[in-house]
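There are structures below to look over.
Next come two complexes built around subunit A: one with subunit B, the other with subunit C.
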Partner chain A sequence: MARPSFFGLLLIAPAWAMIGGLFLYPLGFSLIAAFTEPGGGLSLMHFQKAYELYSTDILFTIFIVIVSTLLTGLFAIVIAGILTLSETPWLVTALRNLYRWPLFIPFIVAAQCMRTFLAKNGLMNNSFVALGLMEPLQTTSLLDWRGIIITFVWKQVPFVTLMLAGAMASVDRATIEAGRNLGASRLRVLIELVLPQVAQTLLVGLVLSFVTMLSVLSVPMMVAGSQPTMLTVDMAFRINSYGDYATANALGVISYVIAGTVAWIYLRHNIKREVQA
Partner chain B sequence: MDSSVLTAIDVDHLQVSYGSQQVLHGVSLSVAPGEFIAILGSSGCGKTTLLRTIAGFQKASGGAIRLFGRDVVRTPPEKRGMAMMFQSYALWPHMTVLGNVGYGLRLRGVPKTEIRGRVATILTMLNLSGLEDRKVTNLSGGQRQRVALGRALAIEPEILLLDEPLSNLDAKVRIQLRSEIKALQNRLKFTAIHVTHDREEAMTMADRIVVMDAGQIAQIGAPKEVYDSPNSPFVASFMGAENTVSLDIRPSGSGVEVRVGEGSAVSYNGEVPIGPVTAYFRDDVASLVDPDARIDGSIVLPGNITQRTYPGGHYRYVVAIGDRHFTVTDDRYHELDRPVGLRLPLASLHLFSNTQTTGGNHA
Partner chain C sequence: MSGEAPLLPARAEPLTLVDPASDVPRRSASSGTRARFWSLGSTGLKIVGLAIFAFLLFGPLANLALWSVAERWYTPFKLPVSYGMRYWEVVFRPTGDAMASLATSISIACLTVLVALTVSVPAGYALARLRLPWRTALMILFLLPQAFPSVAIYINVARVFYSLGLTGTITGVVLVHAAHGLVYSVWIAAAAFAAIDRDLELAARNIGASPLRTFFTVTLPLAAPGIMASAIFVFLESLDEFTGTFFVGVPQVTTLPLLLYNASMGGNYQIASITALILLVPSVLFMIVIERFLKADVLSKVGQ
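The block that comes next holds the complex of A and B.
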């Protein structure tokens, strides 16, 4: 085997330094801090505190992110399915032009928009009242867990759809036609023939969306300020209000574990596919 | 008797456009039940569009398509009840052989155990026994196309559409599958429309050949009829008669006199068009003779041998006549640059008058 060249190592040194200094060091530091008691010994006391104070928020976070991921998947499948299988050209054109817009809107702007849209006297309720679909007294605010899910789904659907529609476009068109030719409706073609061929892409899109939603601070903070809330808000609160880095780090580790579980599911699925192939 | 009942597929003045460009200009075609039709044509002639419109994947802008008397022009593909084989096999890679072949039966609500039994029967018929649980991605090209054929036949279709299904296969497998499809069609009696650009494939498989050119049908007929009596210069060249010679034909007594350029006239008694004509012929009708030979019923063009190859079994010569070159096969060995005569029997030439575009005479 050739010995690694000194100049080669020198060339990649800046990249290593960046990863080490800006990513590995803070990550390792926060991991260690989460397991270290004030005296310096190893301890799970920060996790105990995090659990006592925020166990509801942990479940709330998992619930929000799972429901948002599932809904994102569902909407992305519907839109990508229409883009791939629809025979109504104007619908495809309209959808193709519209669906990407939220991609270019930052989470914080999306959250701000949703505040004005989903509030008790927001644009949505006002429109329903103006259309005569609802009495002013019947209006309710959606600025709670529902608002977070709506914002996440609205923001992430374009991303997953973009990946999914691309994958569906590269599926051999004849495999779709073969299904219809044998008598399958377009819905069955989508579910039984197209989706299984792009499942890998859908899974990647959903895993990335899951991790993204898990780490967003602005949306839960702006859309639903009340309790329960998501772990990102709790972490910010521990640090900003108490300077309590240790509990925040413990909450961070819990977030890694949640994200890690999804990554593990993804990797396991990948390995299974490779073994089959 | 109602004539439409006798027809499996009746395409009536079918028109298809891609945007503003018209691709099929009023195509009409009747296919009898159990008949095997091959649609032959060069790329872009509209043959695949015709097949896809019959299948329902392409919308017609005019005309009608009747399947056993039922107009299906506005029926979606899944309700037309036909089966199709594709050039790219179009198997579903996430399914096993059983899943692929049995899918049409599953759509029709056939119980699982019955599907297994029927798929096993079909796989036996296609020499694929025991491969039920194999992933289709682990099969060879020939096996994949057999699975595709099995998938199409599993639903016992009355009509099978074949969109160049053999063109991705190597020559040996292609010839083998050709005869297998034909044998199955004879046995199961389904009606088949086969689109291909391979002349030999069309000739060997079809009961009738449809030659298409620029969105229209140029000629329909039995393989021998289209091969021996092309009705236009296009069909003649498409069926392999790509060499041309200009002739001048004049009436003489009870017959005619045929002259090539300034050469001597040859008498002939067959039916031929009068006036300046172009003769189309295949390489295999020409033979090498002495340059001064005079043979009844044949024209002899003097020339020189410029090239000789031995492809096996016979020699192949390139003969230069003026500034034209013709390929001839001959069993005998001839030296290069030797003056020879290229003999063309008038009866084997396809003659088309230069003053008309269609309607040939096959002396």
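The block that comes next holds the complex of A and C.
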């Protein structure tokens, strides 16, 4: 093995400095702010305060993000499964052209769409009433935790589906044909033959979605205004209303822990897979 | 449909009463009908499913479009009371807030692309071609700003920037956007350089070109489509970025997403919807052209 290229390190240094200055340094800053008390010693007092004030929101955030991730996975499996296994060409073509639309739509635009669509007199309820599926008095606003979940799923399903459909397309067709020839239904082929082969891709997509949803500020602010709300909104509120960096950073560390737990599950799964291989 | 109806009773006929000779053709006829019935039913089911899917997919966007042309729309009415382009005029008035925000957004996005490419083209080349220690760790490092709860990072960036006098400045916002987009520009640039056939560079060196000249006349032009794709990614990422601007840019820097947010929270749905539609244009265009820039050979090397 040749020795590392000094020139290469020189080339990568500016990019590395940027990450260091704009990510690692502020990260260190947030950890220090979260764990130091006003006098200067180490303490967990900010976490205690964060927990007292926002324990509901912590649970709320975890609940929303987990449910959204699971639903995203479910819908992505269904769509990618149809794209891979369906024997109806027109359905595949139509679905392939449809599902990608929200992929590059910014979260804030999605939030604005849903803010009007899911409202009590939004287009969704109005359409249901016009179709006779609902009485005007039965309509309710979905602009609470349900709205957040719907927006997240709407926005993230195309991303996970894109990854999953790509992985499914590279699965050996012969195994699928063999399963079908032996009389397995398409659902069974999907669950028992295809999914295990693409589980890795699905997991990566879901972990990335999970962390993305955990970090979005605009959707919970715009879709669900009232309490309880997500941690991102609480952090912004602590900063903008009180200039309270300590509690905000304690909440930040809690969100790192949530994201870190998921990353740890992913890594553990990976290591187990490598040991088996 | 009506032509098939008389055949249906055949299915109900008890098989024991049918004499063996006629059993075979009749059963196949009935199963053919059943198959047709099933396929018709499943086709109907597929159409209904697709319609529901399309409604859920495009309904929110349709509502956005409706709001952008609704001059008056209040509660008991299912559709806008009166339509008009009045708010489009308000938005596109040259002196309006929206035009100023659009200009701010686009200049920030262009500067972000410039900064990101300046640091990531050399970094991408180094990652693709030169021997680096802990290469995987270095690659993952660029992913971190994306794969981390970003709000907590941005509030601290804002705090650091405040002491440097960078909050509320274009420079501050550009730096935040560039760091966030770096994962795309570095990863895609590295993939683009890795996809280039090394023999072409060696050929240029053989006929006497200097390493620098080889890079600028052979390597860089070959990597250009991939780098272009990464530039588009960074541009869009910057154009759509909300959280970082929200903490670092306020109150002086108002980009389109911030204008959208302020209009929406202020109850001005028309302005918010028109701003959202402006933001949608590049996103949708990009979705259509991405495959032209990101070739499969580059795509297969992303993240490696």
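We adopt the following convention: the second predicted complex is superposed on the first by the 268 of 277 C-alpha atoms of A that agree within 3 Å, B and C clash if a C-alpha of one lies under 4 Å from a C-alpha of the other, contacts with A are read in each partner's own complex, and residues count from 1 in each chain.
As a convention for this text, a residue touches a chain if its C-beta (ideal position, glycine included) is under 8 Å from a C-beta of that chain, and two chains touch if they have at least 3 such contacts.
If you're wondering where the values come from, they're calculated on a predicted model, not measured in any experiment.
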{"item": "Superposed partners subunit B and subunit C on subunit A - clash or fit", "value": "fit"}
{"item": "Which superposed partner A:E177 touches (first subunit B, second subunit C, both, neither)", "value": "first"}
{"item": "Vertex subunit A angle, Cα centres of subunit C and subunit B, expressed to the nearest 10 degrees", "value": "70"}
{"item": "First (subunit B), second (subunit C), both or neither touched by A:L193", "value": "first"}
{"item": "Partner chain(s) touched by A:P220 [first = subunit B, second = subunit C, both, neither]", "value": "neither"}
{"item": "Which superposed partner A:F117 touches (first subunit B, second subunit C, both, neither)", "value": "second"}
{"item": "Which superposed partner A:F29 touches (first subunit B, second subunit C, both, neither)", "value": "second"}
{"item": "Subunit B versus subunit C as contact partner of A:P228, first or second or both or neither", "value": "neither"}
{"item": "Residue contacts on subunit A - larger count, subunit B or subunit C", "value": "C"}
{"item": "Smallest separation in angstrom, by C-alpha atoms, between subunit B and subunit C in the superposition", "value": "8"}
{"item": "Sites on subunit A touched by subunit B in the complex", "value": "172, 174-175, 177-185, 188, 192-193, 196-197, 199, 276-277"}
{"item": "Residues of subunit B defined as touching subunit A within the complex", "value": "55-57, 76-84, 86-95, 103-104, 107-108, 135, 137, 148, 151-152, 155"}
{"item": "Interface residues, subunit C side, partner subunit A - complex", "value": "43, 46, 50, 53-64, 66-67, 75-76, 78-79, 118-120, 122-123, 125-127, 129-133, 138, 141-142, 144-145, 147-160, 175-176, 178-179, 182, 186, 236, 239-240, 242-243, 246-247, 257, 260-261, 264-265, 269, 272-273, 276, 279-280, 283-284, 286-287"}
{"item": "Parts of subunit A lying in touch with subunit C, wherever the complex brings them together", "value": "1-5, 7-9, 11-12, 14-16, 18-19, 22-23, 25-27, 29-30, 33, 88, 91, 94-95, 98-117, 121-124, 126-127, 129-130, 154, 208, 211, 214-218, 221-222, 231-232, 235-236, 239, 245, 248-249, 251-253, 255-256, 258-259, 263"}
